[in-house]
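Look for chain A in each of the two complexes below; its partner is chain B in the first and chain C in the second.
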Partner chain A sequence: MSKIAEQYKDKLPEGLFNELLTEGKKKKLTDKQLKKAFEKLYEKYQYAAIQPGEAIGIITAESFGEPSTQMTLRTFHFAGVAEMNVTLGLPRLIEIFDARKAPSTPSMQIYLNKPYNKDEKHLEKIIGKIKGVKLGDVLAEISINILRTQVEFRPNKKRMRELGINEDDILKGLKDFAKVADITQKDSSFIVKPKNQEAGLPVVFSLKEKVKDLRVKGIKGIHEVLPKKEGKEIVLLSSGTNLAEVIILPEVDKDRTVSNDLFEVGRVLGIEAARQVIMGEASHVIKEQGLPIDHRHIMLISDLMTSSGVIKGVTRSGITSEKESVLARASFETPIKHLINASLQGEIDYLNSVVENVMLNQPVPVGTGLPGLVTKMGKDGDKK
Partner chain B sequence: MAKKIIIPQVDVSSHRLVPKHIRLTDDEKKVVLDKYNIALSQLPRISRADPALFEMEINPGDIIKIIRPSVARGEVDYFRVVI
Partner chain C sequence: MTNVYLDEKYVGTVDNPTSFLKNIKEERRKQKLPLALNINYDPEFNEIGIHTSTGRVRRPLIVVENGQPLLTEDHLKKLESNELTWKDLVDQGIIEYLDANEEENAFVSLARKYVNKEHTHLEISPVSILGLTTSLVPYANFGQSSRLNRGSKTQKQSLGLYAMNYLLRLDTDINILQYPQRPIVGTFMHKLVNFDKHPSGQNITIALMSYDGYNMEDSLIINKGSIERGFGRSYFFRPYSVSEIRYQGGLIDEIGIPDKEVKGYRSEDDYKFLEDDGIVYPEAKLTEEDVIIGKTSPPRFLGEMEEFSIAANTRRESSAAVRQGEKGVIDTVLITENAEGNKLVQVRLRDQRIPEIGDKFSSRYGQKGVVGRIIPQADMPFTSGGVTPDIIFSPHSIPSRMTISHLIEVIAGKTGALGGTLIDGTTFSATSEKDLRKMLSKLGFREDGTEKMYNGVTGEEFKAKIFVGNMYYLKLKYMVANKMHARASGRIQLLTRQPIEGRSKGGGLRLGEMEKDCLVAHGASLLLKERFDSDKTILHVCENCGLLAVFDRIKGRASCSKCGASAKVSKIEISYAFKLLLDELKSLGIFTRIGLGSKY
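Up next, the complex of A and B:
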């Protein structure tokens, strides 16, 4: 690295610095030219830097507010595949920033480990493991015994082996019927007998249909799994999330699999990962609508939402409730509640922030209103 | 039906969404607090039970340095205090 570059290493951000250095090498700049380029870049960088006292929160609010007026209101978009709805547009943005406990269309992107992500022959087994297998799909035969008013069925051993389930899994799944029916296993066939024997055939018939529809194995909370080609590898998209149980599967790449449920990611991967998901989801929605805004705005919001160690939404029970000033809290929502509580507790408002000073018609501590005057008094107050 | 909360006891530090978490020593702690001229309570927080701190020896009051990847700046240090 040349001496000129060394000078600017600490002054410029790493990304900009490296970009200029590589570009300079490519264009074969002389030392003099490189120096000039660095000088110019540093000057531009200084202009672009935010000044102390700039009201960045308001700029962020404007940046989000303007494009959101142009977003399509209720869009349910197909994410490439049919049957897979993903909420996008304004509803999703509101969902993210309000930090709703459950997204309206929870979904996961499940990446697979090496041998499984290229070959389609493993897919059925893995999907079966995640989504579960309908008992009807593995049966060799199912029948109603009219004399004994019971359902009898026999699973297909070969099919079961292919999908990686065993008889214990079926018994476990059949426990759902334990309240209404007796379950017995005889050799390789199962018998489900309704407890209410007087009910007659219709009950037995509906029981048979329920048995066929029973999900064996599979992970709770996941309703649908669809494979999707992403470049050369196969990625599974799921509707419904259960990150904790999916990432411990041996076939699943636990380092790349993600969910769009903020709270779940926070629980499973930690608060920093949740911040990343907030940023990713928000910028995805905004970009998808063709209205990109600077990522620093999204960073500011997601930092605020996660600064307390848990995810808090931009609502009156979320980050607004953390404001120190009573008047600032009261100015957002439910003012009377806040004022009554504050007076009951004897809270003091030090008028340190913006909103309360606007209310009291005083200069706000923003921009040129931020610095105060400090003067050094001599001893005993005499002037020097 | 309430969703049952299962937290897997697995190491998630290699996940692509989880940046590197490093516990600071007492000396480093002082340097950070002096640099930003703030008290410990003014730092952003992180829960002691946070999965990213899996199997790390931490106590409330420790500062965790988080090395975040950044679009514009390559890598950025961020600090959180353990609660």
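Up next, the complex of A and C:
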């Protein structure tokens, strides 16, 4: 690395620095040209950086606030795919920033590993693993024995092998009925007989329907999985989330698979991942509505929400409660509670932020109100 | 078993609701039951409701039997020759009135040509889907329905001749158009409601073009010559009324020029228009704050201590004066008695309102706009025939709003104005656009309504042919003269010391929370402080205990009532609203201390 480059290494972000360096090598710049390029880049970088005293908080707030008044409340439906709509628009944005414990429509985007993500022939098996298979789908035969008032069924071995299910899975699933019925296995067929000896045919019939509807295998909490093409790749969309159990499947790409449940991601993958999800979900809503909000505003909010190590919403119990100033907290929801608690604890408001100063009609410490002028005083305290 | 309710009261059951319903209706048509009786069957709840009460909205429809309307050509001829009346048709059961409930069971055909066997009734005319004001919109079937709504809404706001006896009336907030005209393009409703007796607009020449950009975004360019000829001039009337009220103890208000000793006496100049009886003379030209009716009232509380005046029992000034920001000429003075037999004086102020920039005008299709510029006639564009338009309307207002009726009225108005006829624009049965074009080309104009026009300033010919014609324009009651407001300083609220609200009281314009955010976002910290300075006060704070100190104005010395005179007291400049907050916290028992120190 040349001396010139060394000089700028700490002054510029790594990405920018490396890009210019490789580009410089490609273009075969002389030292003089490289120096000029670095100077220009540094100047531009400095110009793009936020200046001291810039009111980024309020700019961020207004950048979300103003466009969201124009947001349509219409939620987007996946075209042609039934029963797969995710809350979007203003309701979702509120949900994200309030850090609600559970999203109103939990869902995951499940990415698959190399051989599985292109080929449709594995799909059924993978979906079966995640979503589970209805017993009715693997049966060769199911019937009601009228004489013995019991349900008899025989699974199709070939189908079972295709979907990666064995007889133990079926037995495990049938345990749900253990309270109301006796289950016996005979060769390759199963018998489910109601415990109530006097049970009539209607009971047996409804039992048969329940048996057909029984889910075998599958991950808890996931109700539906639908494949979607994303370019050439096949991605699975799920309604309902269970990140911890999905990402340990060998077919699933654990690096890219995401859930839209902030707290679940925070629990499973850590706070940094939760921050990423807040950013991703918020910008997804905004992009879907076609609103021009700079990504850095979203970053600022998600940083604030996660900086304490746990996810905190922009609410009176969340990050607003962490404001230092009593007056600022009191000006946002439940003022009496804040004033009384502050007086009990003898809190001091140092008037360091914007709202308090507006209330007292003092210059707010932002922009032109930030710098102070210090003059040298003479011995007697006179200005000289 | 169907339950039957007569006027919401249970009366019994029937087995076959359909035949019961049919019977009742037949009996009614034969006049064996009252005509005002309505019956309906609700299959969902299996209920029959019979209604005879007052206050139901009912509307007439032609009865249809076996796919044939009972009203025939024969009836119509007899109606024309006055052999039959409307009442006869109703009595014969040809026309019947349905209420909202019975309408639920009816199947009404919109027009005669659609009638089939399933229909039970026929609409008398398809225009009856429109209300009164909406049917005043010509060519309504050529416009978007939402624009039709807006069009009928603006008609309600238009100035006109609301009543022939307006000169004898003392209604509040009244506007009268000085030269109203009947519309060239009208509908059947204009005839029906005698619209020419109380018109509400003027026929003007309109050109659809841009001219120096002063008509962008729904603004209009108006010809100054047209205004001078009387376009859009209106009168605004405001009545003032004062009565002599009697109080306890035989005291009474007194109408007359107040004495100079009276409490709250204005300046002598303010009373200059009053005659000896304390009332202004008609045709006096008044400006704001001039007294119209002089009045004094007895003191508010009997035995009120008058600290600063020698007179024992001073009366209060309570005259009626011209409102702030208004002016005008006294139109009428009326002296009479009110219901209690006390003297009542009512005076009406008249003000002429000449169109100015910012006044609102509208066509009848929801195409409302505000005057953006008034151009002298000499500078207005002109046609080869020498005609200058009264209004230049922006063509950009048309495509997104799809008010085709607006365009058709321009052609229809042009045809009517040039041919000297009135054009019928009744919805669904108007003079067709094709006929209008034919008539227009017979009159020697281009059939599409465009004309060659010249720039009024340079005399150059415009490259494009301009669409010019006539249409009926309305002046709406919103005028800048009623809205304009500014204030430098003025009255403040007693509690917060912040400026009071409202134009009529000379209040301030609020710089709200979002506006505040805007200044903060720009970092204009000191500007923000200055804008919120309206309630600034100087507080004396004891540096020892942090409580507010007491300032003795006479001695010019501040001292803390807790720490004594020796404690150091400093002055701080702060918003009065915050001082109020501190006081309120103190009343809650919260001990708030102000710690002073240098910020830097």
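What we mean here is this: the second predicted complex is superposed on the first by the 315 of 384 C-alpha atoms of A that agree within 3 Å, B and C clash if a C-alpha of one lies under 4 Å from a C-alpha of the other, contacts with A are read in each partner's own complex, and residues count from 1 in each chain.
To be clear about the criterion, a contact is a pair of C-beta atoms (placed from the backbone, for glycine too) under 8 Å apart; a residue touches a chain by one contact, two chains touch by 3 or more.
Since the model is a prediction, treat every value here as computed from it, not as a measurement.
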Item to complete: Look at where chain B and chain C land on chain A after superposing the complexes, then choose clash or fit.
Response: fit
Discussion item. After the superposition on A, what does A:E6 contact: first (chain B), second (chain C), both or neither?
Written reply: neither
Item to complete: Have a look at where A:L16 lands relative to chain B and chain C in the superposition and call it first, second, both or neither.
Response: first
Worksheet item: Given the touch rule stated above, what does A:E62 touch, chain B (first), chain C (second), both, or neither?
Response: second
Practice prompt. Check the residue A:D187 against both partner chains and state whether it touches chain B (first), chain C (second), both, or neither.
Written response: neither
Item to complete: Could you look at A:V364 and tell me whether it touches chain B, chain C, both or neither (first, second, both, neither)?
Response: second
Item to complete: Considering only the touch criterion stated at the top, classify A:Q276 as touching first (chain B), second (chain C), both, or neither.
Response: first
Worksheet item: Just chain B (first), just chain C (second), both, or neither: which does A:L339 touch?
Response: second
Discussion item. Tell me the contact category for A:D168 with respect to chain B and chain C: first, second, both or neither.
Written reply: neither
Discussion item. Is A:G372 touching anything from chain B or chain C once the two structures are fitted on A? First, second, both or neither.
Written reply: second
Discussion item. With the superposition applied, I'd like the minimum CA-CA separation between chain B and chain C in Å.
Written reply: 18
Response to the item:
In chain A, both chain B and chain C touch residues none
Worksheet entry | Touching residues (chain side chain A, partner chain B) in the complex | 13-16, 18, 102, 220-221, 244-245, 247-248, 254-256, 258, 265, 267-273, 276-277, 295-296, 303, 306-310
Worksheet item: Which residues of chain A touch chain C in their complex?
Response: 53-55, 58-59, 61-62, 339-340, 343, 348, 354, 358-370, 372-374
Discussion item. Considering only the defined contacts, which chain C positions touch chain A in the complex?
Written reply: 516-518, 520-526, 528-529, 532-533, 535-536, 573-575, 577-578, 581, 585, 588, 590-592, 595, 599-600
Practice prompt. Using the touch definition up top, name the residues of chain B that touch chain A in the complex.
Written response: 3-8, 10, 12, 14-19, 21, 44-47, 50-53, 66, 68, 70-75, 80, 83
